[in-house]
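Structures given as structure tokens follow.
Note that subunit A is present in both complexes that follow, paired respectively with subunit B and with subunit C.
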Partner chain A sequence: MSLITTLARLEAVDTGRAQPLATVRHRHLSDRPLVFVPLTTAGEAGAPLGALVGTDRDAPRLLVVPQPRDRDLRFAFLAELADVVLPYIDSYAEDVEAAERNETDPETGKRVKVEVELCADAPQLIVPSRAGIDFVRLLGRSMRFRRTAEQDPETPHPAPPRVPLLGRWLTHYGERARVPGSSLLLALTDVLSRHWATGQSSLEDQHLGALLAWIDPPDDESGAEAALRAELQRDAKGQLVCPPAGPATDPAFDNKLLAPAIERYDRARTALAAAEDGIEADDRLGELTAAERQIRDLVASRTRPTWDAVWRGLDLLRALPEGAHATDRWTRDRWSFTGHRDRVLAGEPPQPRRDDAVTAANKLATREREQARLEAQEALDDPLVMAGRRLAGEAFAGEVTDVVMAYSEGKRPSPRPLVTVRTDDRPHLGERAKVYRSLGGKPQAAEFVGYEGNGGNGEEQGGYGEEHGGYQSGGALDDNGALVVLRVVDKMGRGKEPETGSVPEKGDLVCFTLFEHEQRGGAKLPDPEETPWTHGGPPGETEATPQLHAPDAVTEEDVL
Partner chain B sequence: MTTVFDPGAEAARATDAILCDTLHGTHRGVVVDSPPGAGKSTLVVRAALELADAGRPLMVIAQTNAQVDDLVLRLAEKNPELPVGRLHSSDADPYDKALDDLPNVRKSAKAGDLAGLDVVISTAAKWAHVKGVEPWRHAIVDEAYQMRSDALLAVAGLFERALFVGDPGQLDPFAIVGSEQWAGLSYDPSASAVTTLLAHNPELPQHRLPVSWRLPASAAPLVSDAFYPFTPFRSGTGHGDRRLTFAVASDGSGPDRVIDEAAESGWGLLELPARHTPRTDPEAIRALAQVVRRLLDRGGAATSERAPDPAPLTADRIAVGTAHRDQAAAVRSALAELGVPEVTVDTANRLQGREYDVTVVLHPLSGRPDATAFHLETGRLCVLASRHRHACIVVCRAGVTDLLDDHPSTEPVQLGVTVKFPDGWEANHAVLSHLSEHRVAWGS
Partner chain C sequence: MASALGSPSAFGQSQFAFMRGNAFEARVKADGGAELLRLVHEKLDARAEPPTSGVVPDLSAVGPEGRTARTALALREATAAGVWTLLDHPLLALEVAGSPAFLEPDAVVVHPDGSWTVVEIKSFPMLDGSADAAKVGAAARQSAVYVLALERVAARLGAEPEGRAGAEGRSAKEDSAEPEGRHAQDSAPAPKVRHTVLLVCPKDFSNLPTASAVDIRKQRSVTRRQLDRLTRIEDIADALPEGTCFSPDLPTPDLTVAVESVPATYAPECLSACELAFHCRDRSRAEGAVTSLGRSLRAELGGLTTVADVLSASRGESGDPTDPAVAALRRAAELRAEALSGGPALHPEASGHAT
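And then the complex of A and B:
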């Protein structure tokens, strides 16, 4: 946790209200997101109990599995979910704009620009908490390999049509959510705690009710009290007033309400099956419907508060203006969406169970690059985030007090002006450290030359640099701040004189960062078919991954 | 009957076996584990020279530009005639200027310009951009335990066979984003290159260098027991071979007493009163700076097997190690305030592979309210406790033992991941219990 976040949390404790960590919204929010509030069955992996889903906050669709252990009912639930989610996704697949992408020409091997489609917008999925993202992944994994009767008439338990397709989309969204800064699938607690610091631990922040209580407490109550109430308060029947945001349910609900209701449903079903004539069956069907209705009401009662809380959280986030780079990152999300749309259309098989070595390395490289990009962009978009980086010694801001023209040595001297910045920050500038500032949206680099002595100790102008050592690391900061001398090294044009506006002027307020603003692409990895021997050779060859499929060898302990 | 341990002979035997496997073996890879200061660089240079002598051009992959430049300089020192290529990036100042003075070292940002040279050296990151060249028959991968599996994936197509050299006890490579998704896969991209290599090629010969020439006799047993329990090593020198003396007598202060203790025993623990502090604990930082100041003021002299006469303990022979960069920055300003600018101050990550006479270390757990996986990482403590030739002084708040007891390792166990022994928790306890015998309390 950074120092500024710690301070914000302390302030939140002190004031009883969450404190802002950002002045702009760092994630894109769709105008029409699909909110998904799932519940799962305790003790049964991947058995959904129900969900509220939809794009209209006043009219969510309630999906319920009255007997979660019944796989037919589970399939019916998934088919219904597909009926809600897939049309929503499809509605974004059609509207495209022309775009260009660099591709390697297979014949010449050269990089060429190719005209391609890019979806003008992308569907966005919102779940209440991080556990909801895991659940989306789990659902995706459990569905994408299923076969429908149409795909394979021989399959013993065919899945309803479109269920495998939903699995592929949920898998794609779950994978994309692992990319830092992406917004295709968002956990609301994560987004809220990116923008506000509460006075509770980050673990407690994953409770949506408590988190909202800190951010937006009732008028007459402090955030801490409201959060405690959200976590603990139970009604006369011993049920939580603010049910957990799921997908796990409260054990008291499971034991006291859900279990008896499911039991009643099971009894009604058995009874209906045993009915001997039509009249009896009619009666018993009535009982079954009533039992089912009871479970539906129970699921609705646990999901609706979370549903409303999610929309309230979205309202709070929408009140913040969107950060400039959040839009750029959303464009990457649109590319990701378009790419998967194309793979589905091209009839490619579902995502494999495990990544191969090259895919895994590529994903890790992408995510590391996106993480660095996200950290830089958030700071550039938001003075409050930049303040945190300044406090951590990773950036500094101040006023230009002096600019001295200087030139590089060599045949064609280029401008290398020396700029002195007075700053109250204490950046961790090492010898010849590179620093960057944003110049018209592009990073301009400068090199740290040294601290100028505060007393003006008669150093020759332009005489900083190696021969002087230049570097006074301590004692440079007094009440007036430190004087940092920088040598600007690029973005000044090709001529001998720097282009107008490309060099800071005396009196300008500037902010330099020690971190880079843009990320370089890494080296291209070999194709999966060319996986080297150190990594087991190309995938699919049997000896490549022996330990994945072979059972463990029998040891002495096995035959005791 | 006990055989006398002859470190020189033991080390030579190990080196010969490694070179034999490298030059004449049938396996595609050879792995060498090297404890701190066991002559890893010497081995790399020697293997490179012997391969070159045998008429087998080779590529050398190191992890940082500093390591690459260091290797080039060492190679040129051993054999100034050898044609060496230094492949570098196209950034400004991509290599050490000292390389310009070497007539047989050719430098270029393009691999094509260096084709045909006996040895071509670069970083893994730069090698990854080299495409469409004839693979080298041999490669040497230096610091292979600090190389990530995905970095090896990017360069492994460039060579047919390779010698992998590294120290398994130092810091593991890390990723700045979560990689749990691939935990347990043999090619987990965030694992170390050697882990992946051996998972897929378990039959490769593995060697071990048995002698640390850097660590003194006072340090080798502790470092070996705490960090290499199953692959012990010895120090190359005996207890009387190294001595640290000071011309100025102790003034009785905490820093002076801990300096004397460390000079005498090789270890010193300067203990500050228990307290929870921010990372840049001002009192601990000041204590570190004062210890360094006194080390220099008291006219230290280091006697070792290298020279008959004592060498003065100068600022370039002292280093300060911390866990975090902001701590290092704080120590640097504290030292500057005391007028000591030349002493190296860095984090464990950056001190890897470096050697000093005396190190002054801020304990990673000092003043912390919790013990996270980062602070418990075995490699971090191992790096900090194994950079010195004479003495290591640790500055720490009291109460770390209790902190450890309150925070047993809670990292989830992942299927298919080899559990690393010892874990950081145990290693921390081992080091602390040894240090407590050399404890000096601050200000009493």
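And then the complex of A and C:
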């Protein structure tokens, strides 16, 4: 945690309300996200118990598995889920725009530009919490190797037709969620706690109800009190008034309400099966329906508060303006979506159980690069994030006090103006360190020359980093801050005189970063693992042995 | 006690999880532990003769002391017999903070070479060969405690001359630190407790068992160090006022006073580990302790330990400005306020002329 974040948390404790950690929204939000609030039956492997799902906050679709141990009922649940999710996904698959991409021509081995399609927008999935993301991944894994009767007439327990496809999509979304800054699948608690600091620990922030209570407490209550209530308050029956956001349920709910209801359902089923004539069967069917109804009501009662909370959280986030680069990262998400669409269309097999070494290494490299990109972009989009980088000595801001024109040596001298910036920050500037500022959205580089009044030589100074070690200031620093002399080295045009506006002027307020603004890896291009094999494919994928796609062994006690 | 203090714990187990866990464990141990022994053989001791029929000694006895003695005896017999043996829910004793604690691993297997393996049976799935790292970590820490307790038993068995079962070995303490070493000259070598435990989980989405070997040496040394460092319960008790009583039957205020007489260092991690967490959290928050927000804050904030102190230092109302922690806090507060006020927009996209 940076000291600025810590301060925000402590201020939240003090004021009883969450405090901002961002001035803009750092994640793209779709106009029409699909919200998914799943519940599982306890027993760890995550058998679905039910879910609310949909794009209309007033009309969620309730899906329920009245007896989670029954495979047919689970399949029915998954089929229904596919009926909601797949049409939603499909509705984004067809609206495309033309785009270009560099590819290696398989015959000549040369890099060529090809025209490809890019989906104009992408479907976005929102779950309440991080555990929800894990569950999406788990569902995806459990479904993508299933066989339908059409694929394999011999298969012992054929899955409903669209279930394996849903598994592939959920797997893709689950994998994408591991990429820093991506927004195809978001956990609301993560996004909210990125933007607000509460007066509780980050562990406690994973409780959606408590988190919202801090961010948006009721009028007559402090965030702390409301959060405590959300966490702990129980009704007369011993049930949590604010049920956990799932997918795990509260044990008290399982034991006191759900277990008896499932028992009743089981009894009604047995009785129906034993009915001897039509009239008796009718009666018993009535009882079965009633028992099922009861379970549905129970599941609805535990998911609806979370469902409403998710939409409330989305409202809060929407009130923040979207950061400029969040849109840019969403474009990468659209590439990711388009790439997977193409793989499905091309008839590729489902994602393998385990990545081969090359794919795994690529994914890791992608994540590291995206992490660096995210950190740079968030700072560029948001002065509050930049403040943290300045405090850490990774950026500095101040007023330009002097500009001296200078030129490079050589046959065709280019402008290399010397710019002096007065700053109160303590950047970690090493000798000839490169620094960058944003000029019309593009990074302009400069080189650290030295501190004025300090012999002009670069001297390492500390920031206000965690260790506070650097606080003792260098010689050039007094109450008026330090005078940093920089040499601007690019983005000034080709002429001898720099283009207008390309060099800071005296009196300008500027902010330079010590980190690069852009990451190599091609802006807005799809990541290697998302390149379908029709386009050169990820390496190693073709060698995948067929057994990697074999269906799972099925046993009577399966839970998913 | 947590309930009596007015802050009941949130722990509880769903009967669904309980039933499924039990069903899985029963399945793993069915048929005299045939499947379990097969897994131990396959994953840990493939060079030994494969188990044909395992021995499952009866471990029932009266009271925890009786059961631990029975367990020790069964271990000794199995070690001497040199055949695959499954101890189902043995009971082990381990001294914690100066008083004995009883531990019940899911199973301990004795190999034909006389070495012992701790087996943990969990109901979380092993998906495509790997399980949730956090859960595996927790299981490893748990198993490490069992291994430590088993090493004590092994040391005693090694120390005792033939025919003196149950006698306390003189040098059990030193020996346990070097469990694989030979013991005193005049007795049999201490049996070897393997530092690789077997974690058995359901495979993928099925109820079929699969297993993986987990090396717990690191967890073992961490646990051993923690155990050595624990303040002895007697010492804690000695420091309490005369007549302090922790009975949940006491009136809440009295019980609260009693509990508060014991020093506690609450941190958010307590929430997932300790039943008193809500009580301690209330207390920690009421004191304004910064660590109620996370242990790491202590290091970050230097000597400032309460929310009020930190905030007043950051506003320049208190604190020594030459203290680097205070100076950094003030600068952080300044920068934060500047960014939030939208003030002089000192960020790159907005660079322009100052007015």
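Quick notes
Operating definition for what follows: the second predicted complex is superposed on the first by the 500 of 560 C-alpha atoms of A that agree within 3 Å, B and C clash if a C-alpha of one lies under 4 Å from a C-alpha of the other, contacts with A are read in each partner's own complex, and residues count from 1 in each chain.
Throughout what follows, a contact is a pair of C-beta atoms (placed from the backbone, for glycine too) under 8 Å apart; a residue touches a chain by one contact, two chains touch by 3 or more.
For clarity, every value in this text was computed on a predicted model and none was experimentally measured.
Once the two complexes are overlaid on the shared chain, A:371 sits against subunit B while remaining clear of subunit C. Between subunit B and subunit C, it is C that contacts the larger number of residues in subunit A.
Judged by the touch definition given at the top, the superposed model places A:178 against subunit B, while subunit C stays out of reach.
After overlaying the two complexes on the shared chain, residue contacts for A:324 are found with subunit C alone; subunit B is out of touch.
Using the contact criterion defined above for the overlaid structures, shared-chain residue A:71 touches neither subunit B nor subunit C, since it reaches no partner. Within the superposed three-chain model, A:398 lies in touch with subunit C and out of touch with subunit B [touch as defined at top]. When the two structures are aligned on the shared chain, A:10 is found in touch with subunit C, with no touch to subunit B. Of the two partner chains, subunit B and subunit C are each touched by A:354.
Under the contact criterion defined above, the residues of subunit A that touch both subunit B in one complex and subunit C in the other are 3, 354, 472. Contact residues of subunit A toward subunit C in the complex are 1-4, 6-11, 13-14, 20, 23, 41-45, 68, 138, 141-142, 199-204, 224, 232, 249-252, 254-255, 258-259, 324, 353-354, 380-384, 386-388, 390-391, 397-399, 424, 437-438, 441, 464, 466, 468-469, 471-472, 504-505, 507-513, 552-560. Chain contact summary for the complex, subunit C toward subunit A: residues 10, 12-17, 19-21, 23, 122-125, 127-129, 202-208, 268-269, 271-272, 278, 285, 288, 290, 292-294, 296-297, 300-302, 307-308, 310-311, 314, 324-325, 327-329, 331-333, 335-336, 338-340, 342, 344-349, 351-354. Partner subunit A is touched in their complex by these residues of subunit B: 28-29, 92, 125, 128-129, 131, 149-150, 152-154, 156-157, 175-179, 181-182, 185-190, 193, 196-197, 199-201, 278, 325-326, 329, 332-333, 335-337, 341, 416.
Across the complex, subunit B is touched by residues 3, 178, 180, 354-358, 360-361, 363-365, 367-368, 370-372, 392-393, 428, 472-475, 489, 522-526, 530-537, 544-545, 547-548 of subunit A.
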